[in-house]
Amino acid sequence: MSNFGSDNVTGAHPKVMEALSAAAAGSATPYGGDDWTARVQDRLREVFEKPDLLAFPVATGTAANALALATVVPPYGSVLCHADAHVHVDECGAPEMFTGGAKLVPLAGTDGKLTPQTIQAAIDHAGVRDVHRVQPAAVTITQATEAGTVYSVAEVAAIAECCRRNGLPLHMDGARFGNAVAALDVPPAEVTWKAGVDMLSFGATKNGCWAAEAVVFFDPALARDFVYRRKRAGHLFSKMRFVSAQLEAYLADDLWLANARHANACARRLAEGLSAACVDLAHPVQANEIFAHLPPATQARVKDAGFVVIPWPDLGTDAVRMVCAWNTDMADVERLIAVVAGRAA
Amino acid sequence: MSNFGSDNVTGAHPKVMEALSAAAAGSATPYGGDDWTARVQDRLREVFEKPDLLAFPVATGTAANALALATVVPPYGSVLCHADAHVHVDECGAPEMFTGGAKLVPLAGTDGKLTPQTIQAAIDHAGVRDVHRVQPAAVTITQATEAGTVYSVAEVAAIAECCRRNGLPLHMDGARFGNAVAALDVPPAEVTWKAGVDMLSFGATKNGCWAAEAVVFFDPALARDFVYRRKRAGHLFSKMRFVSAQLEAYLADDLWLANARHANACARRLAEGLSAACVDLAHPVQANEIFAHLPPATQARVKDAGFVVIPWPDLGTDAVRMVCAWNTDMADVERLIAVVAGRAA
Amino acid sequence: MSNFGSDNVTGAHPKVMEALSAAAAGSATPYGGDDWTARVQDRLREVFEKPDLLAFPVATGTAANALALATVVPPYGSVLCHADAHVHVDECGAPEMFTGGAKLVPLAGTDGKLTPQTIQAAIDHAGVRDVHRVQPAAVTITQATEAGTVYSVAEVAAIAECCRRNGLPLHMDGARFGNAVAALDVPPAEVTWKAGVDMLSFGATKNGCWAAEAVVFFDPALARDFVYRRKRAGHLFSKMRFVSAQLEAYLADDLWLANARHANACARRLAEGLSAACVDLAHPVQANEIFAHLPPATQARVKDAGFVVIPWPDLGTDAVRMVCAWNTDMADVERLIAVVAGRAA
Amino acid sequence: MSNFGSDNVTGAHPKVMEALSAAAAGSATPYGGDDWTARVQDRLREVFEKPDLLAFPVATGTAANALALATVVPPYGSVLCHADAHVHVDECGAPEMFTGGAKLVPLAGTDGKLTPQTIQAAIDHAGVRDVHRVQPAAVTITQATEAGTVYSVAEVAAIAECCRRNGLPLHMDGARFGNAVAALDVPPAEVTWKAGVDMLSFGATKNGCWAAEAVVFFDPALARDFVYRRKRAGHLFSKMRFVSAQLEAYLADDLWLANARHANACARRLAEGLSAACVDLAHPVQANEIFAHLPPATQARVKDAGFVVIPWPDLGTDAVRMVCAWNTDMADVERLIAVVAGRAA
């Protein structure tokens, strides 16, 4: 493919499709009472080395994030997040809808990252126990971030420690969680619950599934009323196995990590190639996204050569985003580099 | 299959799976900008003989219903519905969530049906323009009904006329719309917009898809803010083609009607067989659902024979629901009849 | 006054006005940090013999009810109430708004009363722990009821016992609580927390104040997030003493009970007089409201004589409501009786 | 009074109390059908030279703001406001609650003011018609601002022109509207609808009333569903005259402007005196609020002398707010100046 616009322009991985086809025949208990869904939870318990986690399949990242947050954030609460966070900028107010009107508090942070300092400052400023103010109720971070960077285990742990000190649950928007874990090359547990993450939106859609995410509660107590909220939001699927079968294939043999490693490798190569061609990168490239400044003439050349990249005006009029995916062809990466470098058209 | 518990215990029709597999390769514009989604709308315009209708794929019936209603019902509004309506009884308050707290007003009605008389009486009683009262804002009917019956074209038209007189949009929950159209054997337009229906939740999940519905606005003006509400509810899929490909296959060559006709035929045969065995049916069997009174001993026999039927306590302690689906084996129907009749075990 | 339309057509009792005038001078801590508010809580603790109750002044009964319910009812919850309950019928969906979309479940009941049996049947029918159903989260009863009747202590206790068995908090809408207590002639504690009531909307507006209610939590733990919800709803008054001063005067020397006794006595006399004139009463008259069937000619006579009574179509085309208040003139009562009896014009 | 903490520490003006006392006797049509309420609307039409405006009394500024905004802002909408706006910072999320979850977008601005440039930039950045983003739906400005400054007529008109160009209604939070009009010394119409303001929260509580505000719609069409929203929020008072009588007295003989002029004069004198004493003011003093930097020793002296001023940490650890009110004693102002200047203790 020569479409570097997003990882969501991809379809589904052949193994995911196979699993879905295999699941199509026969009858199964509806609404998640099926075997696929049970096996997905078992498998996630293994993957995360946490035998008591609770996992709930849903079909969009927006649903996963909004449902997870709504489980712990009251209507008079606030969610501290990065100013560029998907939950704040790209979900048309879903967290507000699902929480019944909580407020998202956007915080600044280099390369898409929050720090314990910015979080603590926001809490100090928030007016805790002041009835005139919305009350901090959760922190959410995105891993990999919206800037294509990856929180280290230590960075997550420091944020989690700050959350714990303030009695706030920590949610991780893992729309590109696979890319982050692949980049960090650590066991998934290390960068989640062992570091202090309470809830994870475990994304699979961008990385090889059709429409599959799992809301993972590492502390099962937090999941108390999740199932009612999910149903009420229209996100409980009668034929749940259609989501769970995707997830099962995605998790089997660590397909998710293999896919993510491939996407990351393509992005790394692309970043190197662009840098070598004197292209200015807006953020370190640590996962599968590249944000770069491309002069108009270069952008025109890229377009003429049949590549799709996306203008990213927040970073400047010459900024673009390029995303590599599980099915990106490395040859396309090389060709794109050559076009940018002016060695090909 | 010998599972008569529900039509949602089924998987997906082979043609739906084929279409999905075919759609998996290659890249596509995300969020519904793809060709599949465009073709589904075109096809629905043909099917409904309405070139300006707007259709939006979603993945659950609850989402379809709640989103459609929220588009026209303000928070201080009410939705008039049958007391057994899925929106009122089985969606954990989804319409309340999506509308921001509107009230569902359950109305009585024989065999799952509303009438213009009950609707008008409810409106007369509602306190229109009285600020102390929630204001009637929509009427919703289910076709086929929750009682397994089917509104005739004339019945729908009479309800719609009542709605129009009172300035209320009419929504149709078509979770089993295919079964209703197959039963009526009329063009879909006749029992929807030509009869005065404004919005349809066109259900496909129960009748051969995995997770696919379309919210159809026959009056495109009503769809004004639908797209924001869908996104905000987490029901806008990045890889939308995964829903649209299902719908495309479902609509192609009228697969939806063929599936529905089969399910209805099975149900009709089952109803005849049960009646012949002196079983008391709770409602006329007009689509693919049968509600029947089965003595405990018979129920035990049915269970021992490996059949799944569902207790239906609302109709009495001896009541059960049996549902036939697109993939029900007629031989299983005959066997079930024989078991009930005491001719087999 | 000859206005028997409602107890809310009255102004404020002279002692309430005096107290308000006295409170007008000088500065005070805003938002309820003032002495009046502290004294009202102290006084309510005395009145209810409950030293740890928490009381929060608000200015409308709708706010009191909706805030109290929202404190304990999640968005996916339901509130069991009488079909004629003010919260269900006359608040334009306030409980739905404040809870974020919970469902009110209207239950039938003679003379405006719920019974443990109807409540238990509703719970049994509700689908507790079924994710497809809204979950029962509270019961609310109105004392005096919307039918002008009064729950006995035993009746309240029986309902509370049913609530406790089902883990549901019991709320009492006491818009006419004074009238009920005056009618029962028991200590307020007996018919509230000692009988098992958890939360009370202690109404004062109808019975001599301008705009004053107190939300009383007998179990302080239930009040956890009340203060945020009140502020967020715009019901935290900066000059709170204007509500609290009313309540202080209302509670002083049991003005509230004296007012209520007077209103009840007027109503009792009116009911006797009407009965003697062969007027059919729709409900027993136990507090300050009378529901009666008056032939059209009688209604015309009443109107011509300058009396205001309110048509009450729910009880029939000939039905009217008459309400006696703290300032009703007994001479007007006698005159009204005479007019109805045809002895005066 | 020596309480400079806020204008809401005051009680009610004697004329307001007189009017309230006079209104207490006799019966009146409840829920705003009374004569006081009608007269208030008439009087506001005169005051604003706008015979078709619609005005609705409520009792708190938070209710006024949240209801006004909810009338025009859908759940998926956003409200552009100053970062220090009361609606954003001090209402515990009331606009979010009343709109069903809209987003407030805080914008920077010197001395508490928005400009057309910051508003336009925010709109340009917002993603208009992008379904992933909340949609700009209203602009709100505070007059006088939270910084104690006052928008000139030209400044309001420029903002309104920007709003009109973008199709956004303009709301004015007039919690201290009297102070602003007194400062500008222009007819109220000039700085509201003639300048392009669509809706005004006309505040009276801080400036001499107990609890009285009016939501004013200069374009009556915008008020369409206001009455249902007000009722549903528990802000429709049965004995509405208690609010309206306050407003009537407040508007009579321009008491509101006299009160505001007094408060402003006190503040002006205080600002002059502080400046003369080399105190650094954080914002220009244009209405009745002073924000100043006072060294700790000075703050201690002020406190010891019996004055209440409020720490204002947002402006620095040495910052305080002082507010003059309709009943501030000019002698107290002089004494406070003397204490700050070290000429008195």
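Annotations
Every chain is named by a letter (A, B, C and D) in the order it is written, and numbering of its residues begins at 1.
Here, a contact is a pair of C-beta atoms (placed from the backbone, for glycine too) under 8 Å apart; a residue touches a chain by one contact, two chains touch by 3 or more.
Treat the numbers as computed from the prediction; the structure is a model and nothing was measured.
Of all chains, A has its CA centroid at the greatest distance from the CA centroid of chain C. Simply put, chain A must spin 180° to overlay its Cα atoms on chain B, rounded in steps of 5. We define each chain's centre as the mean of its Cα atoms; on that basis chain C and chain D are separated by 34 Å. For the pair chain A and chain D, the distance between C-alpha centroids works out to 42 Å.
Each of the following residues of chain D touches two or more other chains: 31, 75-76, 91-93, 97, 100-101, 131-132, 228, 231-232, 236.
Residues 31, 74-76, 100-101, 131-132, 135, 225, 227-232, 236 of chain C are the ones touching chain A in the complex.
Of all residues in chain C, those touching chain D in their complex are 1, 3, 6, 8-14, 16-17, 20-21, 23-31, 58-64, 66-67, 91-94, 97-98, 205-206, 210-211, 228, 231-239, 241-243.
Those residues of chain D lying in contact with chain A across their complex are 75-76, 89-93, 96-97, 99-104, 125, 131-134, 314.
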